[in-house]
Amino acid sequence: MNTRLVLALVVSGAVALTACGGTTKDSSSRQTGGATNAAKADPNAPLKEGLKITFLPKQVNNPYFTVAQKGAEQAGTALKAEVKATGPSDAAASSQVTYINTAAQQKQNALVISANDANAVAPALKSARSQGVKVVTFDSDAAPDARDVFINQARSNDIAAGQVKLISDAVGGSGEIAILSATPNATNQNAWIEVMKTELAKPEYAGLKLVETAYGNDDDQTSFQKTQGLLQAHPNLKGIISPTTVGVAAAARYLSSSEYKGKVQLTGLGTPNQMRKFVQDGTVKSFALWDPSKLGYLATYAAAALASGQITGAEGEKFKAGDLGDYPIGAKGEVVLGPPQVFDAGNIDKFDF
Amino acid sequence: MTALALRGTAARRLSTRVGRVRELGIVVALALVVIPTAIVNPRFVQPQSVRDLLLNASIVALLAVGQTLVVITRNVDLSVGSVLGLSAFLTAQQFANHPGTPLLAGIGFGIGIGLACGLLNGLLVALGNVPSLVVTLGTLYVFRGIDYALAHGRQINAANLPDALLDLGSSRVLGVPVLVLVTLATVAVAALYLRSYRSGRELYALGSNPEAAKLAGIPVAKRTLTAFVLSGLIAGLAGALWVARYGTVDAAAGSGLELQVVAAVVVGGVAIFGGSGTVAGAALGALLLGTITSCLVVLQIPAFWQQAISGALLLSAITVDRLLALRLAKALRTTEGTSHA
Amino acid sequence: MRSLLRWETALVLLLVVVALTGQISTNGAFLDGGNLFYLGLDIGEIALIALPLTLVIVAGEIDLSVASVLGLSSALVGWLWNAGWPLETILPVVVVGGAVCGAVNGLLVTRLGLPSLAVTIGTLALYRGLALVVLGDTAVADFPASYTSFGTTPVPGTNLPYPIALAAVLAVLFGIALHASSFGRSVYAIGANEEGARFSGIRVKRIKLILFVLAGAVAAVAGIVYTFRFSSARADNGVGLELAVVAAVLLGGVSIFGGRGSLFGVLAGVLLLGGLRNLLILRDTSTEVLTIVTGLLLLVSVLAPSITRSLRKATT
């Protein structure tokens, strides 16, 4: 039969090609670096006015990013720059690529992006940079050679170690715990989870045991159901860490309406407005975050500094971020906003975001 | 009674028996899935877990009831996910902006939105004489787009919703969650309509053989319109209940549900070409699919297998249905062959 | 046939309108070479899959599992790459894998007589599930630059992305198959009247099987393209793409009942939807407008022939 003949030809062709050797993981040559910045930084260069900056969060209907966007727009007004916000409505790995390409096509001066997947956006970012767009990542990094500067909300160590400490305090130092994360490929999530695992291996947390990491995909309904699943699968679960604002809000909602309220502890990274009710009714003892609007503000100032030639993203450079003051650039182009803020019943009413 | 009439009734009994066997089959499959899981992890059959399971399945089951009405008439409604999303967001917004809205009025608002969407679908299909797959694919996009446009990226938080609404999602009557009761009530009403009301039975005739139905005087356009209106109405109700259950709503609520619902309906024994199937079967199909997901989680089998298993289950269900239908047709032919006087 | 021709003319007119409006409203940025390159990248996979899907729908069937085959192929590429296989072997093997997936669909439809809508909804879940089993939640991203540059650099000397060049070649082949061969005539006959086609000697089951196999194989190719374009093999690549492809095919004037439609119309449909999306994002319009417009276009594409038919009946 013809089909069998075709199949045989294809397969034997493939085998023949293998015999001649081929491109394998080991043999392939890696692409060397991204666009190298030959320009030198001039710290005294004035901040340009009228810069065009695109703000591209992981997804548009996420309250955390809405707050960050406000910060970016504030910075835009102060800088007399035009900040436009755009983005996909789902946090899938490749959804942002079209928007990155469009920013390059629109000849934007800078792009401020929180990457859904460090690698999926890298080719598009590199292409944008080669067309003159400065790329600043914030919140969730892309591959370091695909961007100029990364604004980290806090040191990954501080965030992750803080989370482990919060859950340890809440459950009394021993018991099974689980992590409810966002999307499996989010750079920031994976960085924090790695540090958490290292922390948990330390002697002072010997009583805690991590039994599962679940992924809620930053979708409210999925996070809600994954929380259910965690509790069903692990009858001895004592605590959950959810380092994502969508996840911790959904988990808190489920716990507070179930029989596990108060019995299973929850902590994570959440916004005070979403979590207030659950702190007040005892579902959550404490949680942490930073001010997303400051993050957006700082990222936009960094973008302006790059586009004006004040910095190139090299270690040791400094720039002034408006009201927030001076910020130094650390290794691999990373800038840290500051330490995370812990919220509990004592201070939660002071915040409004 | 003549031998002829006897064989006729025998065939009719056979077809009802096949229908019941089909539903029994789902119940057996449920047992096969639940019992081993319960043995491995007894927490699975504790009240909280059972409640969660029923609650998770109840929204899809509700949508499956509406979808059954449409599929029976040899149509399909792919827009149910978008209708649910639109209804959920607008209902949540209504409650958030006007906290004094009475509970039933707000839910009625959601139902109304669903009804309007269903009406649009029905008019296009029935009067425009256009294939429902294309129409509902189009309205899937249109309704979802309107949803996003109205939402402007906002998210309505549980914190902004009245407690009465949120309590509806978790409160119980005699231990059974209210949402589950609403679904059961809808199944019961729909089943009654299809079995005992002339217009309901005519839906089956319409799906079995549209030309014959028209010749027999059945108002085809009107019945098709009714089916879509009811499907939209039920999707609107499901949207309001979604808000009660999950609390936080954004414009993406319900995306992708339509394929889950069609899968539930098919697993539940409703023929995709119309003419047969029951709402009870469809609801059980939704329950089965939801239970499998939960079982996998409890058994700590990686959730990755869930989709593959659902797909395999769906394929086996339609294969079984096909084989049953062939046997039934053969049985009916044997009686018909002798019916020419 | 005339009402169909009129729809294709309408599509071409719409394309011209979009191109002109785009060019004017973006000060020339829309039809700029670089932008057209990005546009081509965006519609690459949809254009590829739309080709065999057109034939499937013309034959009166449907295949909703194509996006899952894309995802499964992507997952297989990643998994085999991690296992140390050379890419030259992986690619043909994955295409054969896609053909096998299509064959499963085809056999269930032709041998068991199951309705293709239900079958492909089942295989949509099954193949996506298999993709998840193969690659899990991880992504494989370390493909060599010589391959991933297909997604970022155009064919030398032009603004054409490689995927579009591939799609163009396949479009010619499929176009000849559908419109200028006896195979294509058989496909139309099957869609118009399956019983009649069978009685006139057309091997209905065989042809349908071939169509499903083609759909699977091309979906696998699209999966490979997708993987290299984003330099990322993931099990959830392409989720939801099937609706976009079906929408483009239906928009192109192919009747869901089978027996009518042309590849030219489908290509125009793909281009129209892709162009609109590109234009709207370029103008910073929110994408919900695009979603609504897609839906409306789809509705118009079926209502227009129906309305013109009843108008003609009323006036004769």
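Observations, loosely collected:
Just so it is clear, A, B and C label the chains in written order, and each chain counts residues from 1 on its own.
Following the convention adopted for this analysis, contacts are C-beta pairs under 8 Å (C-beta built on N, C-alpha and C of every residue); 3 or more make two chains touch, one makes a residue touch a chain.
Keep in mind it's a predicted model, so treat the numbers as computed, not measured.
Note on interfaces B-C and A-B: more C-beta pairs are in contact across B-C. In this assembly, the chain whose C-alpha centre lies farthest from chain C is A.
Mean C-alpha positions place chain A and chain C at a centre distance of 33 Å.
Chain geometry summary: the mean Cα position of chain B and that of chain C are 29 Å apart. For the pair chain A and chain B, the distance between C-alpha centroids works out to 38 Å. Chain contacts: chain A has residues 89 touching two or more partner chains. Touching of two or more other chains is recorded for residues 137, 287 of chain C. For chain B, residues that reach two or more other chains under the stated contact definition are 148, 251.
Considering their complex, residues 62, 64, 108, 112-115, 117-119, 121-130, 132-133, 136-137, 235, 240, 243, 246-247, 250, 256-257, 286-299, 301-303, 306-307, 310 of chain C touch chain B.
By the touch rule above, chain A contacts chain B in their complex via residues 60-63, 66, 89-90, 212, 219-221, 224-225, 228-229, 232-233, 235, 249-250, 253, 257-260, 273-274, 276-277. Note for the complex: chain A touches chain C at residues 3, 7, 10-11, 13-15, 17-18, 21-31, 84, 86, 88-89, 92-94, 97-99, 101-102, 104-106, 117, 119-120, 122-124, 126-127, 184-185, 215.
On the side of chain B, the complex with chain A involves touching residues 41, 43-44, 48-49, 52, 56, 148, 151, 153-155, 157-159, 166, 169-170, 246-253, 294, 297-300, 303.
In the complex of the two chains, the chain B residues touching chain C come out as 76, 124, 128-131, 133-135, 137-149, 251, 256, 259, 262-263, 266, 272-273, 302, 304-312, 314-315, 318-319, 322.
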